[in-house]
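The following pair of complexes shares a single chain, chain A, combined with chain B in the former and chain C in the latter.
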Partner chain A sequence: MARKLLLANINVPGINTLEVYRQKGGYRAVEKALKTMTPDEVVEEVKKSGLRGRGGAGFPTGMKWSFLAKPEGVPRYLVCNGDESEPGTFKDRFLMTYIPHALIEGMIVSSYALGAKVSYIYVRGEMMPQIRILEKAIAEAKAAGLLGKNILGTGYDLELYVQPGGGAYICGEETALLESLEGKRGNPRLKPPFPAVSGLYGSPTVVNNVESIAATVPIINDGGEEYAKIGIERSTGTKLISASGNINKPGVYEIELGVPVEEFIYSDEYCGGIANGKRFKAMVAGGSSVPILPANLATKTAKGESRLMTYESLADGGFVSGSSMGSGGFIVFDEDQCIVRNTWNFARFYHHESCGQCSPCREGTGWMEKILHRLEYGHGSFSDMDLLVDVSKKIEGNTICPLGDASAWPVASAIRHFRDEFEWHVSNREESQIRNYGLAHYADPLEPLVQS
Partner chain B sequence: MLSVTQNEPVEFAPTLLAKFADIVGRYPEGRHKSALLPILHEVQAHFGWLSVPAMDQVASYLKLEPIEVYEVATFYTMYFLQPQGKYMLEVCRTGPCCLVGAERIMEHLEDRLGVKEGEVTADGLFSWRGVECLAACGFGPVLQIGPEYTFYENLTEEKVDELLTNLKNNAGSQPLSANS
Partner chain C sequence: MADDVKFKVSIDGIPVEVAPGTTILNAARQIGGDIVPPAMCYYSKLEGSGGKCRTCLVKVSKGSEKDPRPMPKLVASCRTTVMDGMEVLNITSPEVVEARKGVVEILLLNHPLDCPICDQAGECKLQDLGYEHGSAATRYEFERRTFEKIDIGDKIQLHMTRCILCYRCVYTADQITNQRVHGVLGRGDASEISTYIEKAIDNDFSGNIIDVCPVGALTDKTFRFKNRVWFTKPVDAHRDCPTCSGKVTLWYKGEEVLRVTARKDVYGEVEEFICNTCRFDKKATVDWVIDGPRHIENTSVISANHYELPAPPPVIKKNLRLQEANKEQLERAVKL
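Showing the complex of A and B:
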């Protein structure tokens, strides 16, 4: 069995309460950090752990923390990103629902490391039940002296608040999130200045994902070096994977980084194979924003090596034949799924969620949605595929925030890997309205197997 | 679009004002604008939607220009700028949920309720719409109902029928309670 650091006690009855959470060793990290470590020592442990941000970009958390500006007399803030709106991702909801104190404990340890006296957990407004759960957990922690003034008699003060969003994917982008937390529309800010220098209310701010913050708890408990022993190379520790789509056992799984993709899909410990005895067609490894891969490239790299659930291996092959870990939103498509329809669906999502600030994204996402719609509904032409790639290229890299890139990659990768399916929608207009293209050759191994 | 035809004046009850005060207390001195989104959620939970007079009241409470409230209310998808059915059923329409049948669920809802997306049933009880990813992809198809945003997961046509019947029977007697 794989080691579990975040979800080890998920099935313990009452683990959502402070009492049971503490019985199971909860809040040891707060005791250890606040009573025996300096803030800089906490940052150092997180650096040693090799923890990379779990929100999607994979930036090393300890390094991010060490960039935080510390001018005299100016407050510093820690803001937790619980916006979780990337299609395919639902791990943060899971963690907040079932083991809220893991996040609260991580917030206390991390706030201490950064010298924050007030911290916020920004949770998407649709997660009202989770907001209530967190508020209750905060009240429990406060009553136990783990929050508020003079925590555990150490002289450290911290107030923690939960802030609801209003329904907008863009507010997961850290500077849009800060705008939203300031009571404004979620328009991303130009960088620089980076939040580490000028973030919430113009003060130095760190924004971290829910899972990143929760991961600091085992890192402080066991030490950064212990954490770094799990995983492969620069993909250290465990990661929550949200598994959805056409699999037998959708859900949230904590994996040790390095599990082969094939094992993750087919093993009973994880997804349990493709549902309904169907065959495997395609995979999105890290949320809708990352490139989609056909089955043959999902389980093996272009070099024919086994593809692993690590930042490096998922990205192996770059944009030509690789994908990305992203947020760990693992979506599986069976042979009955239509790639054109799914690409249109994702394009509609990005068009809907574009904040409208930058023209390439505001206009380009709309064009991609329109073109994909006509392809899906049998009105497309053969030049549409090149047109889509052209539009996607003109969005990519030309916007203030990465939502533009996120809208471009799924479209460009779908056309790269599934071009014949798009063309079939043009050459077989009527047929494409009544049946799907099917598996085609997407599951064929790249190299013919050597028969022995 | 803001509704400028329904202009009944609104007044915030003391219980609501107490909630506002509690919210404003979460932010540093002078940063009360941060309270805007949470306060709009409270107002919507109370009135069912955000009328212009209600938003104007929020603006004066937070000492903001009305436009600062309108621009936020029109940006975020959760705020209703028109009255909705007592129960607004929001079905996730994004990729992963569609892989497991979300489109069928929306067709079924349209069929059963007899109203198109965004419309309200004649008895004022129901409206429905498709919304973008609700972060419950492993449990799809899913729908949520405000103001507590109770979740209904792994939906089938039968489960939808059952839900509609339960909501109809409950209507009037008690408000929907949170996931408890």
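Showing the complex of A and C:
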């Protein structure tokens, strides 16, 4: 069995209560950090651990913390991004539901490291039960003297608040989240200035994913170097993966980074293989925004090496033959799934969730959705594929926030890898309405790379 | 930092020295000419505007003297401040030209192209933009989104179908009027400028949202369908107004003042905001003191129909003695 850091005690009955959580060694990190370490030492420990942001971009957390501006007399804030709305990702909800104290412990340690006296957990508005769970857990921690004034007699004060989100995917973008938290319309801000300089209420702010914050607990308990021993190269530690789709055992898995994709899909410890004895067709590695890969590229990189669950290996090949770790929303498609329909579905989501602030995303996402809808329902033409690629290029990189990129990548990658299937929808209009294209050659072994 | 510190910036290879804190767009405007990026949503008089339409995207090929790395993505020049030694590419970068073409196409996707019946035609920034940076045909084959026309007050009509969501009117309402009167409802391409329950916009400066609108989404109901702007003749005038500066442009057709607007500069931005009394109620020559004809860029269609004195032959332009001799004629030959 692989090491578990976040979910080690997940099956202990009552782990959602403070009592059981403390019996299992919970809040050791708070005591260790607040009583024996300076805030800078905590930041240093997180830097040593090599922890990378678990929300999608994979930016090193310690580095992000060290960028925080620290002007005199201005409050600093830590905001936890629990607005998990990416299709295919549900790890944060799992964590908040079953082991809420892991997040709260992480929040205390992280807030201490950053010198924040007030911190917020911004939770997606639809996750009302999780908000109640967190509020209850905060009340428990407060009663035990772990939150509030003079925590554990160390003189450090921290107030922790839970804020229900505004009900939009865009509120998961860090600056839109801050706008929403301030009570405004959740539109992303223009950067610079970055939140580390001017964030919540114009004060320096760090926004971190739920899992990143929870991961600081084992880092403080065991030391950053110990954490960095897990994983490969710059992908250190463990990661929660939300596995879904046509697999035997969908769910949230904690993996040590570096597990081969093939093992993750087929081993009984994780997904347990493709459901109903079907064949593997395609995979989305990190939530709907990352490029989709056909079966052959999912398990092997273009160089013919085995693809591993690490930030580097999943991105190997760039946009041509790679994908991205993203937020760990692992979606598996079997041979019965239609990639055109799936791409349309993703495009529909981004069209619906575009905030409408900047023009390429506002108009472009709708355009892509309409073209894909036309293709899926057998009214497309052969030129639509090139048009889609062109539109996606016009959106990508030209928008205020990454939602534009997120809407462009799945479309562009689906056409790059599954162009035959799109063309089949045009050449076999009627047939495409009654049956799927099937596996075709998408799982065929890759041709060896020609050395140029 | 001393006040006289200037940053050296080059835009398309043209050097300029600007004060720290200047945006790339404003640095380009100090140079002037073709290298000024177009701006649909940025409005220098409105704080916080800009960054939304993405037409002003430029490439920063050198970040600064200290950190010469280029910026990874195209940046919105209206909201990016210059650094010392920054090198910017606008019309000399194929990447920028291509991206801008895409933005124009995207802005026109849901725009109705009803220019023949639109009051803004002739002074529409989107027309200029489409003409200068767009492509001749659209690849969009779907139904465009449409909205019902809404009257916001008895003087202003909102035709959301034409709106490009630049947010300028929202900033105007926030910043020059006392209370927030309207905003954006909805999300994505369903978002709309609205007063929520068709509430009248009722304050002394509400008419300025007509002037800041780059397209024909907000129009002056006292002028709607009265005339094409290129048949009217702009004349600067002022009056002693208790609420505003009273400096306006009157748009004449014959003897009649068809509409009153604030004075707009070459970028279509008003010099000073004017009050509703000046704009809607004072439409007689006797109300005004005429300052003289309003100079209109000769690239604008508005100047096309204006009588113009015979242009002097080019030979005069080079000969100082001839210029001296024809001084009076040359002065009159300036297009109005």
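Definition applied: the second predicted complex is superposed on the first by the 446 of 452 C-alpha atoms of A that agree within 3 Å, B and C clash if a C-alpha of one lies under 4 Å from a C-alpha of the other, contacts with A are read in each partner's own complex, and residues count from 1 in each chain.
Going forward, a contact is a pair of C-beta atoms (placed from the backbone, for glycine too) under 8 Å apart; a residue touches a chain by one contact, two chains touch by 3 or more.
Here the structure is a predicted model, which is why all the values come from computation and not from measurement.
In the model built by aligning both structures on chain A, chain B fits alongside chain C without clashing. In the superposition on chain A, contact is made by A:132 with chain B only, not with chain C. Using the contact criterion defined above for the overlaid structures, shared-chain residue A:17 touches neither chain B nor chain C, since it reaches no partner.
Of the two partner chains placed by the overlay, only chain B lies in contact with A:183; chain C stays clear of it. In the superposed pair of complexes, A:168 makes contact with chain B and with chain C alike.
Of the two partner chains, neither chain B nor chain C is touched by A:436.
In the superposition on chain A, A:198 contacts neither chain B nor chain C.
Of the two partners chain B and chain C, more chain A residues are in touch with B. Of the two partner chains placed by the overlay, neither chain B nor chain C lies in contact with A:66. Residue contacts after overlaying the shared chain place A:387 against chain C, while chain B stays out of touching range. Touch criterion met: A:353 reaches chain B and chain C at once. Superposition on the common chain A brings chain B within a closest Cα-Cα distance of 5 Å of chain C. Once the two complexes are overlaid on chain A, the chain A residues touched by chain B in the first and by chain C in the second are 168, 185, 352-353, 355.
Interface residues of chain A, counted against chain B in their complex, comprise 75, 84-90, 92-93, 118, 124-129, 132, 161, 163-169, 180-186, 201, 242-246, 250-252, 288, 329, 331, 333, 337, 341-342, 345-346, 349, 352-353, 355.
Listing the residues of chain B that touch chain A in their complex gives 26, 28, 31, 33-38, 40-41, 68, 71-72, 75-79, 93-96, 98-100, 131-140, 144, 146-151, 178-179.
The touching residues of chain C, when paired with chain A in their complex, are 50-54, 57, 73-74, 76, 79, 99, 102-103, 105-107, 109-110, 139-140, 142, 164-165, 167, 183-184, 186-191. Interface of chain A with chain C (complex): residues 168, 170, 185, 190, 351-360, 362-367, 370, 387, 393-394, 397-400.
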